[in-house]
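Provided herewith is a single structure, encoded as structure tokens, for subsequent inquiry.
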Amino acid sequence: MDVALAITWLRAAAEAVTADADELTRLDSAIGDGDHGVNMRRGFTAVTAVLDATEFTGVGDVFVRAGTALISKVGGAAGPLYGSAFRAFGKTLPAGPEVGLADLVTALHAGLDAVTRLGGAAPGDKTLVDAYRPALTAFEEAVAGGAALAEAAAGAARAAGDGARATISMTARKGRASYLGDRSAGHQDPGATSTWLIFQALADVTAP
Amino acid sequence: MDVALAITWLRAAAEAVTADADELTRLDSAIGDGDHGVNMRRGFTAVTAVLDATEFTGVGDVFVRAGTALISKVGGAAGPLYGSAFRAFGKTLPAGPEVGLADLVTALHAGLDAVTRLGGAAPGDKTLVDAYRPALTAFEEAVAGGAALAEAAAGAARAAGDGARATISMTARKGRASYLGDRSAGHQDPGATSTWLIFQALADVTAP
Amino acid sequence: MKKFINDPADVVAEALAGLAAAHPGLRVNAGEQYVARADAPRPGKVALVSGGGSGHEPLHGGFVGAGMLDAACPGEVFTSPVPDQILAATKAVDGGAGVVHIVKNYTGDVMNFQLAAELAADEGLSVETVLVDDDVAVENSTWTAGRRGTGATLLVEKIAGALAEEGGKLGEVAAIGREVNAASGSFAYALTAGTTPAAGRPGFDLPDDEIEAGVGIHGEPGRRREKLRPARELVRSALDAILDARPLTRGDRALVLVNGLGGTPLIELYLVFGEVAAVLAERGVEISRNLVGNYVTSLDMAGLSITLTKATDEMIRLWDAPVNTPGLRWGA
Amino acid sequence: MKKFINDPADVVAEALAGLAAAHPGLRVNAGEQYVARADAPRPGKVALVSGGGSGHEPLHGGFVGAGMLDAACPGEVFTSPVPDQILAATKAVDGGAGVVHIVKNYTGDVMNFQLAAELAADEGLSVETVLVDDDVAVENSTWTAGRRGTGATLLVEKIAGALAEEGGKLGEVAAIGREVNAASGSFAYALTAGTTPAAGRPGFDLPDDEIEAGVGIHGEPGRRREKLRPARELVRSALDAILDARPLTRGDRALVLVNGLGGTPLIELYLVFGEVAAVLAERGVEISRNLVGNYVTSLDMAGLSITLTKATDEMIRLWDAPVNTPGLRWGA
């Protein structure tokens, strides 16, 4: 992945969360406070502005700056979680204008660790972790099996989608949805859904 | 009219406004504040309590006490208007356990005068005057023509009903409905409707 | 209808019981149905009595206390009080210096207060009546019921109350009340109707993109139905209507009340106040004092009213005087 | 959606402009999006900073002023503020004696305040955090997000604010805040959902005879849906839930807050307070102080919360201390 692809990915992610903002908000209305779509759109609009305004020399830097923008503009649970994830992801990548598949695997781990450290969610808690973790596993296994980026990204996106859908039956134990107790079951988690959109964006921009 | 008939009339009026309280409130919701039915029911419940608790020796006294109860319990525009009307009506009747038709005509005039003095409404202003006045005229003319009470009362009730219905097309110039300007047209006046109920009650209890 | 009540018939009495439990500085007479200052009557002080239908809280019971009302008479919901209770309250708080009745201009309120004032006069009390009729949405005419009393009631009660507290005479207290009323204009919008406990359903239905312009505080429809517009435009229209009736020109000072009708969140009221301030700044009118919140309400109606009062030094001085009531408190 | 707004995206900024115009005693920093006392920083005084999503007004911006908060950071509607604005506010009001962050226990609020506190520490400021988690409707567990911060936030801000105003040290101010929180329990009901400007429709739909029990202040559904019952019964259930989690026994004293969620009229809140007072009287619990009104709201949600705090002499003394903010004022 080079700087241009990193930027292309984030722009595609921005488009995706903007296009689906109403749907994300609808999901968040059912089990949360109805702001996830607005939050993500605001955050990724800020990310886009940073991408527009900055000359990047390193891939990692693209994600660090994007993460910082998310922390500064999103608020709520999603801001610190996504922001820290992108920052950790970017900081873990080696310096320079291009990074390899193995670097991406390591960085994805760092991103998930940041989410877990900050939010303490385990798999099954009905959070974005339930999309992120299977996506990471699929990506890592694909890379281990010799897949190229496009193929690994496609697998990750599929796994994220499956993970997001799997949150429907879960009872939330973290975030606002946990206040609903059993009533959170039957609804798809908004954060898991936006995570899926971000992985899907990578699959889309790398698709042959 | 003797004391017993006076009491019977007021009890019938109480039943009528209680039975139609929701309808009166609905009319008042359209062009007022939606309390006329509740007000009239509360007031006539108090009237009934006074009738239950008091031994009357004079006809006039029945109406004076009823009017006082209305003033004390109704509030709003209807309380003072109906209360003063009944008080003036009762005070104008000659003392004693029985009054004649001519006495009733004079007393009805006194009642209307009280309403006009207090409220200043003219015919056509879309108030209870628009039922009261034609009822009084019909009653007076019937009596002049030699009719008995039952017939005069039936004519008054019919005229009150026509008068109440005629308020539909009027634009209110008094009371709350006047705040609506032109928008008050197209709705029947609640007070005119309750006046009709009271005259109808007299027709009902005197009907042969 | 969904409300936190028991039997609709008991709402007023039970809310008064709650008011009494909450505020030891008030004396609630449940039998006669009035709320008085616990320390009334205060010998030599002109007493202020107001009242009206319930459903406008904190008006009037929430404005009883030092520096404002001596007593309030709550009627049934949206129904003016009866003469008996007004008379009882008047007698209870009369300190020998006379009593001012502050009456919102509604047929029912006017007649019931008038009957009470006559009865009080019969008993040798001096009563002056101040009629409040600030709502410019109603065209004024001697041939109609005239303008309604709305938001300006709060200003009249506060300013006249302050003068009474510092020893103003009966005529002076009534005069400043009338002066405040004459200097005030109000205009209100409703987004939804309120629901009275007795009627059990909203007074009117509105499509999701329409509002009522020129409403009062009794759930009645307004002068006209309009399309919802941005707050900025609604404020301009309202201020045009007010300033047409009560001109304020460059260099004038105003007291401004942006008042919620019960169901509108404070964040919207502040946004609207910002718009009012912008328009008045354009016109060179200085906002001397302001109040933003739910003060003269109409149950759970989503809506708001704007009141402008052309201020004098004396009004501002009396506005700033200490007040200590459940609904308005400063300097105490 | 019908609201008095312009563009939904501008609601928070425009409401802040209105707040600034209305209250000269506040300094609103529009760029960094925080509200501070005009006289901040006060050298040697521990500063209190709170914040959270907008839509809960007067919380928090309306509680900035002498005797309460030094600064508030409003986020977007129902969205916690971001670290940058919390950091900016913290630095703006630090008077050298340290800053207490009062944080309602929501994942987003906790994380954003935590990031801000770390950044502030990096710059050499001393920050203590008081977490408010009084909502007993949420079962507490280290395996969930824990209890929500709701009505008790007002009591924590008032009481800790008073101690800071009279010279309490950083640790003492944080300690009393935590003590008030630990002594408090809240429970809320919603009759209708609120509508955020951004979502444009209510967070949930309820049939005309059902309510949500155990709701928070962000328009989310509650723990369970129930049939509407008389206020008397709802109050008993709520108090049972609170007293289960935060026992008050015969002879104990309580601070009581009956708090409207934005769309419920004051007349109902007083009626409910009357019911609360009756139940506590039965149980031999004395109500030392009370507050009835809209203080910690959820936009236009029709609903209310009840908060009980087991009171100490010190808490009562600090409750009574002067406070001068747009939303709460006495003794000043």
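A, B, C and D label the chains in the order they appear, each numbered from 1.
Following the convention adopted for this analysis, a residue touches a chain if its C-beta (ideal position, glycine included) is under 8 Å from a C-beta of that chain, and two chains touch if they have at least 3 such contacts.
Worth saying up front: this structure is predicted, and the values here are computed from it rather than measured.
With steps allowed only between chains in touch, the distance from chain B over to chain D comes to 2.
Between the contact lists of chain B and chain C, the overlap is empty.
Seen from the Cα centre of chain D, the chain whose own Cα centre is farthest off is B. Measuring from the averaged C-alpha position of chain A to that of chain C gives a distance of 54 Å. Centre-to-centre separation of chain A and chain D, using mean CA positions: 32 Å. Chain C and chain D, compared by their mean Cα positions, are separated by 29 Å.
Centre-to-centre spacing of chain A and chain B amounts to 74 Å, using the average Cα coordinate of each chain.
Multi-chain contact residues of chain C, defined as those touching 2 or more other chains: 77. Under the contact definition stated at the top, not a single residue of chain B touches 2 or more other chains. Taken chain by chain, the contacts run in an open path, each chain touching the next and the two ends left apart.
Listed by chain label, the pairs that touch are A-D, B-C, C-D. For chain C in complex with chain B, the residues that touch the partner chain are 53, 75-84, 106-108, 111-112, 114-115, 137-139, 143-145, 148, 196, 198-199, 203-204, 216, 218-224. Within the complex formed with chain C, the chain D residues making contact are 1-7, 11-12, 14-22, 54-55, 57-58, 62, 77, 189, 191-192, 194, 206, 208-209, 211, 228, 230-232, 234, 262-275, 277, 287, 290, 292, 294, 297, 299-300, 302, 304, 326, 329-332.
Across the complex, chain B meets chain C through its residues 25, 29-35, 38-39, 42, 71-81, 118-119, 173-176, 178-181, 183.
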